[in-house]
Amino acid sequence: MTRLSHLDQKGQAHMVDVGEKDITSRQAVAESTIEMKSETLDLILSNALPKGDVIATARIAGIMAAKKTSDLIPMCHPLPITSAKVKIEKTSDTSLRVEATVKVTGKTGVEMEALTAATVAALTLYDMAKSADKDMIITSTRLLFKSGGKSGTYTANSP
Amino acid sequence: MTRLSHLDQKGQAHMVDVGEKDITSRQAVAESTIEMKSETLDLILSNALPKGDVIATARIAGIMAAKKTSDLIPMCHPLPITSAKVKIEKTSDTSLRVEATVKVTGKTGVEMEALTAATVAALTLYDMAKSADKDMIITSTRLLFKSGGKSGTYTANSP
Amino acid sequence: MTRLSHLDQKGQAHMVDVGEKDITSRQAVAESTIEMKSETLDLILSNALPKGDVIATARIAGIMAAKKTSDLIPMCHPLPITSAKVKIEKTSDTSLRVEATVKVTGKTGVEMEALTAATVAALTLYDMAKSADKDMIITSTRLLFKSGGKSGTYTANSP
Amino acid sequence: MTRLSHLDQKGQAHMVDVGEKDITSRQAVAESTIEMKSETLDLILSNALPKGDVIATARIAGIMAAKKTSDLIPMCHPLPITSAKVKIEKTSDTSLRVEATVKVTGKTGVEMEALTAATVAALTLYDMAKSADKDMIITSTRLLFKSGGKSGTYTANSP
Amino acid sequence: MTRLSHLDQKGQAHMVDVGEKDITSRQAVAESTIEMKSETLDLILSNALPKGDVIATARIAGIMAAKKTSDLIPMCHPLPITSAKVKIEKTSDTSLRVEATVKVTGKTGVEMEALTAATVAALTLYDMAKSADKDMIITSTRLLFKSGGKSGTYTANSP
Amino acid sequence: MTRLSHLDQKGQAHMVDVGEKDITSRQAVAESTIEMKSETLDLILSNALPKGDVIATARIAGIMAAKKTSDLIPMCHPLPITSAKVKIEKTSDTSLRVEATVKVTGKTGVEMEALTAATVAALTLYDMAKSADKDMIITSTRLLFKSGGKSGTYTANSP
């Protein structure tokens, strides 16, 4: 079979080979903060919005999204995660902060799973409250911590 | 059948009924901005990262994510979207901005589809470049514009 | 092209053609009941189980499952449902009853969507409480009501 | 970063951490029984229903559903199952019984996978036959057996 | 907000806007042929392979895949298909031919749905029989016919 | 519980038990070739088609499809693949060839994952270019190579 030309192979996207990496315990923590009017936050905390229970729905959406990460992020490896937690807390009169923690015993890390969980929880907060406030902004989404694997532990700087 | 007790029905989450809403042309635009080291942005723009073509992968991930919105956001209605576009542009030496535009002819709007597309594109930028820079932050994700439906047109304030 | 043989075409499964059916408002209601020890029901209602909030999780799982019906049931048509509600109530000291209501404006009904929502909510109740009680039984899952479409309204007999 | 308030963390749903559990061979068996008119059962067994082959479709739907369990049940861990079987048998002139067996080598059990497979097979039986009989009832869905893991073997009581 | 640079926008992939297209009845037919040893075809037709019923499984896989098309093909629009049929026939002692027919009432066609159904059915034939024969080749997959929409009717040339 | 009849159990489809198989490094390579008019190939290579970047979109679609294999092919086991690559090359003035390579460390092989990746990439090539040319034919899809597992290494004959 003649191969006349290789199209654009340098730089093409691929799922990198992690077959030779060690299986270790890995963990990642990510956060996402959403800013809103104080009236909107009151409506959320008093469970007075037409779509119903904002906080529980966002938390569950985040956990379920962690399991969909490799379906969403094209070059992510599918991973059998062993734990996922999402907590949501009020950090000011106008902000909620989502923190997602994901663990796996595997050949590659769960940074994207934690970031995806935090982000989808924040998007769900937006969805559940948007009839009251379309000006909400997800102001900061970032990795806070990871451990395990060859590159070792990472801790984000304080903001 | 005796019904002894109704558990927590006030405030419970549900997918609101849009059956009586009009079918109209609807559009939404959302953005997500990611900040990084200038060296990281150079690696992205010169296509020099190990996972390959960052920009094209993020754009396609965003478009595919728009179609998964109702699978991710628990109370979102499934919608047969008629168009999805994601553009990614350099807005400074240390930032990329994703803008997602989604359209539908339907009974409810596509704000969440646009926000999901922008967010997943930004998360994919993170994933493709994270071997070089774990300090990247998605600094702002918000709805810019929507039109169609009973609540009419919305335009975000300038930042 | 010669066609030597038709394999087993009579009786083969297919997604029946609903293209000529009218678009009407359709609704379906289904229920699923789960029996358990009274101690288990107490643990659920006092939110004392290790997996956390049983009722809210089951309700959200049921709503999300309604949207996955055509992905689970092979010959079901994909439908853009316009509403989904799941309520869960205590019907005795040893039983919870899930009732799911789904609506669509479309060419075919949402009986399977309502049944799938009720069933997945009941399975989620089992999952959340199974560390305390593996003997739980989902004792009855059935269609209660449907309206819309050529076959008109159906109402189940009392049990 | 100040944390002003922790919202509702006690009792919130999460995917429990199974990272420290042993990897063992695990198996689960579940059943689901569906009652119908004897005429309906005759139509199923003679393959005379408009949607086609009821039994094969239900069996395959059950097996495929076992693989979707962690996507349906919010707090279930994703598991690389190693085997799934669904059998369907006539248990009286008016009833079919689905039995699903699922195996895995992993850190947590496959009870929910077996229950989901049995249930989705039963729902598919309903879907394939509902044009003839909407009064069918899924009368009993339960775990029959599990083995493997710290809690050991479980066998259901006879009905 | 300054926009310093537009990255590669000419030629970037997007889901084209079909919002202004007419809603019409549309149909597409596609085929996929798989060649194998005559012994393998005998094993398939006598249902003697270890994975079980090859033909029924392939047919159902094809129908279910039609519903997943927009999840697989990045720039495809999600479409509420109204009908899907897959037939499989012996066309020689060494070949099976899959033919998939899909219909929709919508703004864009179902060519990709028909091609995806035919292809996944053929891949399933491969999977079910590969323990006996890894040399099977899917020799021809193509669109046979489409109707509806602005571009009208298309009929493939005879091979 | 009396079991009156076993329906069609001989020959019924099931996911075969791989629990006792060894965990080994496994790899599979598959190809799919698509034939088209030379004018169509020129449009693809000059990135002049209305849907945008054909090659990058097809490559990414193929990689993402590898991860969906067990969701598409009913009796495939879910596998945590460790690597996926798709390359697309011009093999004549009228043909593109897709080659997909997938790896896993697991109890069963990735032949279907490689075949699914190659096929979905080829279908995406069709989708991206079909506005210019509906006569394209996917002329050959086959397994080229596999290694690992009890059956050892397989290499296809030259065409």
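Per-chain numbering from 1; labels A, B, C, D, E and F assigned in written order.
Rule of thumb we're sticking to: a residue touches a chain if its C-beta (ideal position, glycine included) is under 8 Å from a C-beta of that chain, and two chains touch if they have at least 3 such contacts.
Just so it is clear, the model here is predicted, and its values are computed rather than measured.
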Each chain counted as touching subunit D and subunit F at once: A, E
Identified repeat of the D-F interface (over half of residue pairs identical), from A-D, E-F or A-B: A-D
Pair exhibiting more inter-chain C-beta contacts, D-E or B-E: B-E
Chain at maximum distance from subunit C, centres defined as averaged CA atoms: F
Of all other chains, the one whose Cα centre sits farthest from subunit E: A
Subunit C on subunit F, rotation in degrees - Cα superposition, rounded to nearest 5: 180
Centre distance in Å when subunit C and subunit D are each reduced to the mean of their C-alpha atoms: 13
Centre-of-Cα separation between subunit C and subunit B, whole angstrom: 29
In subunit E, residues with contacts to at least two other chains: 12-14, 16, 53, 56-57, 60-61, 64, 68, 71, 74-75, 78-80
Interchain contacts (touch definition) - all pairs: A-B, A-C, A-D, A-F, B-C, B-E, B-F, C-D, C-E, D-E, D-F, E-F
Residues of subunit E that touch subunit C when the two form their complex: 25, 45, 55-56, 59-60, 63-64, 66-68, 78-92, 97, 103-105, 158-159
Complex contact set, residues of subunit E against subunit F: 10-14, 16, 32, 47-48, 50-53, 56-57, 60-61, 64-65, 68, 71-76, 111-112, 115-116, 119-120, 122-124, 126-128, 130, 134-143, 146, 154, 156-157
Subunit D contact footprint on subunit E (complex, rising order): 53, 56-57, 60-61, 64
Subunit E partner contacts - residues on subunit C that touch it in the complex: 1-9, 12-19, 70-71, 74-75, 77-80, 106-107
